[in-house]
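After the structure tokens below, expect a handful of questions from me.
Chain nomenclature is as follows: A, B, C and D, assigned in order of appearance, with residue numbering initiated at 1 for each chain independently.
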Amino acid sequence: MKATILIHCPDQAGIISAVTGFIHAQGGNITYLDQHVDKEVGVFFMRLECEFEGQSLPWDFEKSFSEQLAGPYNMEWNLNLDHLRPRMALFVSRYDHCLYDLLSRFSSGEKVVEIPFILSNHLDLEYIAKQFDIPFYHIPVTRDTKAKAEDRQLELLKEYKIDFIVLARYMQIVTSKIISEFPYRIINIHHSFLPAFAGAKPYHAAFERGVKIIGATSHYVTEELDAGPIIEQDVTPVSHAHTVKDFIAKGRDLEKIVLARAVHLHIDRKTMVYNNKTVIFS
Amino acid sequence: MKATILIHCPDQAGIISAVTGFIHAQGGNITYLDQHVDKEVGVFFMRLECEFEGQSLPWDFEKSFSEQLAGPYNMEWNLNLDHLRPRMALFVSRYDHCLYDLLSRFSSGEKVVEIPFILSNHLDLEYIAKQFDIPFYHIPVTRDTKAKAEDRQLELLKEYKIDFIVLARYMQIVTSKIISEFPYRIINIHHSFLPAFAGAKPYHAAFERGVKIIGATSHYVTEELDAGPIIEQDVTPVSHAHTVKDFIAKGRDLEKIVLARAVHLHIDRKTMVYNNKTVIFS
Amino acid sequence: MKATILIHCPDQAGIISAVTGFIHAQGGNITYLDQHVDKEVGVFFMRLECEFEGQSLPWDFEKSFSEQLAGPYNMEWNLNLDHLRPRMALFVSRYDHCLYDLLSRFSSGEKVVEIPFILSNHLDLEYIAKQFDIPFYHIPVTRDTKAKAEDRQLELLKEYKIDFIVLARYMQIVTSKIISEFPYRIINIHHSFLPAFAGAKPYHAAFERGVKIIGATSHYVTEELDAGPIIEQDVTPVSHAHTVKDFIAKGRDLEKIVLARAVHLHIDRKTMVYNNKTVIFS
Amino acid sequence: MKATILIHCPDQAGIISAVTGFIHAQGGNITYLDQHVDKEVGVFFMRLECEFEGQSLPWDFEKSFSEQLAGPYNMEWNLNLDHLRPRMALFVSRYDHCLYDLLSRFSSGEKVVEIPFILSNHLDLEYIAKQFDIPFYHIPVTRDTKAKAEDRQLELLKEYKIDFIVLARYMQIVTSKIISEFPYRIINIHHSFLPAFAGAKPYHAAFERGVKIIGATSHYVTEELDAGPIIEQDVTPVSHAHTVKDFIAKGRDLEKIVLARAVHLHIDRKTMVYNNKTVIFS
């Protein structure tokens, strides 16, 4: 069987040797090791892919890891068994480009993720859920019903044992009620520009300034709006010849690709977060 | 002989036909025409390259253009004779990457621009001016001497008949005293990020946020700091594995390429500005 | 009403003036003009967007254009009325990524194109045609049945009045029987690399050489395999850490985006072909 | 003191654990570890940065490494002490862009490399060597003198204890006489295209095909011309509006940036070669 282990701890001498020696002693073979030291904050990060014979880990693996490594080195660590597919909920509103892109990638062929349901505050995209034969929940949100709507969302997330949420152009602010239950497990996508434009109509602002490049950023959702740790970014050139509508169309193409890449990185457990910053092992 | 004409005016029917008919009637041949309508503001832009027989334009060309076109269509227009090389002053401080890049491009081979002098508030780069045999002026700037320093700069700019100024990492704010004499004729380069980071140490801020892309923007200098019309932008990917020092090194590479492209566009008269926004004819 | 006119002819003095004067005299207003001279071959290209009052062009527009312009200047020209939506046939085999991408772009929202049918030599993707409620034709192709299959394809293309064909990863060679009926109206997508790798398994060859960038190219189909005029290209970085499978996955993302952009350019009549080379007006 | 160790060997269980345990036992601290398994060929690659107290490695470090690791695991390995600056010879012909770029990067500021001399088959760039106060050797090459010229080159390379050679647009084929003395230690830069164009005038061929992207590739020189292991690549967009001259100018900008990046990677010992393919640890 295969497992992926993520570790971070204060940087100190001998960690790599200790961890790799431990895996070796437990009968595992390390097939991939990625490691990073953030020298600014003195934190060590490691991601290991290991193979073990048989259908399960050694019976005392987790206990031994805790006693021999996590305790002494003050580690936070995380163990993922590769045969367990993570369960992803999709939240959408009215834009269909990210939804279509994710569904056409992840619903067919060799599945790497389960999509137990799609949730929306609007009915517009219900037909797509039907096309792909995935349960669709319509939970409208108004100022008055927001708290109640989030309760219902939480119920569904628990009922379906969701591991992480993808906001595929979900045009509502997700509050701490949900965020606190899914720390660094809610993935959002938004536009971004060089330089940045705040406000309600960023594409219009970028157009007015005459930017030559537009971008998209996928990040984990935190309490501070659109300021969570960045998972993936990309850009595309534009010119004066493009209208605001062209900007938005090019933005859509970026958004769907960047979001899909971020989701892949999350599923592959290639993302770690520390101090509101990601370490992305590629 | 060859000429490049830049025009902008309120958008209206028949402009292209009128202008091209006029050039034709004057005995000119249009070898390139670029045109753009900014529908948001209702402004028409055109750039024409024309060829005329002989060593000069028809004697009444400018007068006729004014009477038959500029007046009736309410045009602002600008005529450039291609055999006249523009004169570029370089302002630098201590960073040498943009200076080296511009000098190695423009001082050798087939010249498209004159570089009458290099000016700096520091002595660090004087040796490079000597390497390339270009006059170097050292004008230190302190809070107290700023006004006087700018007077001296203006003197030099006039004495050398400078057409436009390139701030090749000149680390002083250029004030309206200079800007008003060189409207949309001072080119600056600065870093930019997705999303943007203001403040004194942007590379550090971008590093702390864990951005995956850094960029550089070249723009015309206006009264509002770093908010002038954008001429050119580009980006490069970064990751958690890069240090702040790596960010800065990658930023330097971007800055020199983006600035050089902006200078080329300016020299080729491919830039027009309206409402703080560029139209870049490529 | 709006019309888009595409022109190419031997380069000569006065063309722009003549054409714009003609449109003006016919009561049209030119809203966009793009022009290009290929000096290597001495050919002039122009693309005009014009607006005319009323529901149709002046009754003698085409005749007059031919007599006053096309004849004297030896032009090939092409008139497109913007309210007529082009009809696009999709040919596919077993890969679904390009098909999904095109359908999710073009089948919903404001349509700019009609998709009368999807055709495949396999049954694998029939379910997607059903999802989007578009007729699906299964025409298997073997060495023996190839000629007959192409006859059937031609029948369908004529029956449905198809304007252009998109090979959305159609894994059969299209022969001159079809190509000659749709000159520069069949759009294909294929991978491309720096440097190029020929042969049956290009991703494997690129992987073995350790390339750092892979690409995709969309082009018009001509008799010479994969050597037709290029419409659009893009690239993405790869590294030694990527497997052949990763290369292929990244290739898929490129292919769908590049093909979609090429289809958009074709629909917007922004492509012209001369001497096996495109002029793409952006 | 700091050291960088590069290792490759047949892939097998326990290598990482064995190596990191060894470094630890020798009193070293691993500050960076990069590792890669090429599963196609079953080869394990590792790059370690280590710190040791004091001014030198433990006296038996190399012997012990060989006995305990290199022997048993059948490793090829390579030890670099970070305080020793590599010595780089620059070979040039008539193009100055790469030479200027490398000199302005590496001759000033904090040196990471020594540049003992510049060598050329032409005199054109001698003045640049003088600008930067670096010895310049003019060794003309004709068909008749080629062998003798290479003998003289080898003499200089040995006399100056050169570690690696950069062909900064050196327009002569380097033969096996030199290559065999500097295996994977000669770095070249050349243009590359999507798709590729062979022959004497690749920019012209690319222009004629109407490519939309041009690129540059830096690679180690091997016996097979321009087919050595790729170190770095990059691309830039072009269009029909660009002339062959524009293609070449854009190519120059790419070439200098891509070559500089490749040289940096080599100096930082981030490149490994196996089976004509690089592993680049970034």
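What to note about this one:
Here, a contact is a pair of C-beta atoms (placed from the backbone, for glycine too) under 8 Å apart; a residue touches a chain by one contact, two chains touch by 3 or more.
Source: prediction; values computed, not measured.
Shared contact partners of chain B and chain D, listed by label, are A, C. Using the mean of the Cα atoms as each chain's centre, the chain most removed from chain A is B.
Although chain A and chain C carry the same sequence, what matters here is overlap: shared residue numbers make up over half of all numbers found at their interface.
A separation of 37 Å divides the Cα centre of chain B from that of chain C.
For this pair, chain A with chain B, the centres built from the Cα atoms lie 42 Å apart.
For chain A, the set of residues touching two or more other chains reads 239, 241, 282. Every residue of chain B that touches chain C in the complex is listed here, in rising order: 13-14, 16-17, 20-21, 23-24, 29-35, 37, 237.
Listed in rising order, the residues of chain C touching chain A in the complex are 96-97, 100-101, 104-105, 108, 131-132, 239, 241, 253, 257, 260, 282.
Those residues of chain D whose C-beta lies close enough to touch chain C in the complex are 36, 38-40, 192-196, 207-213, 215, 217, 226-227, 229-230, 232-235, 239-241, 243-244, 275-280, 282.
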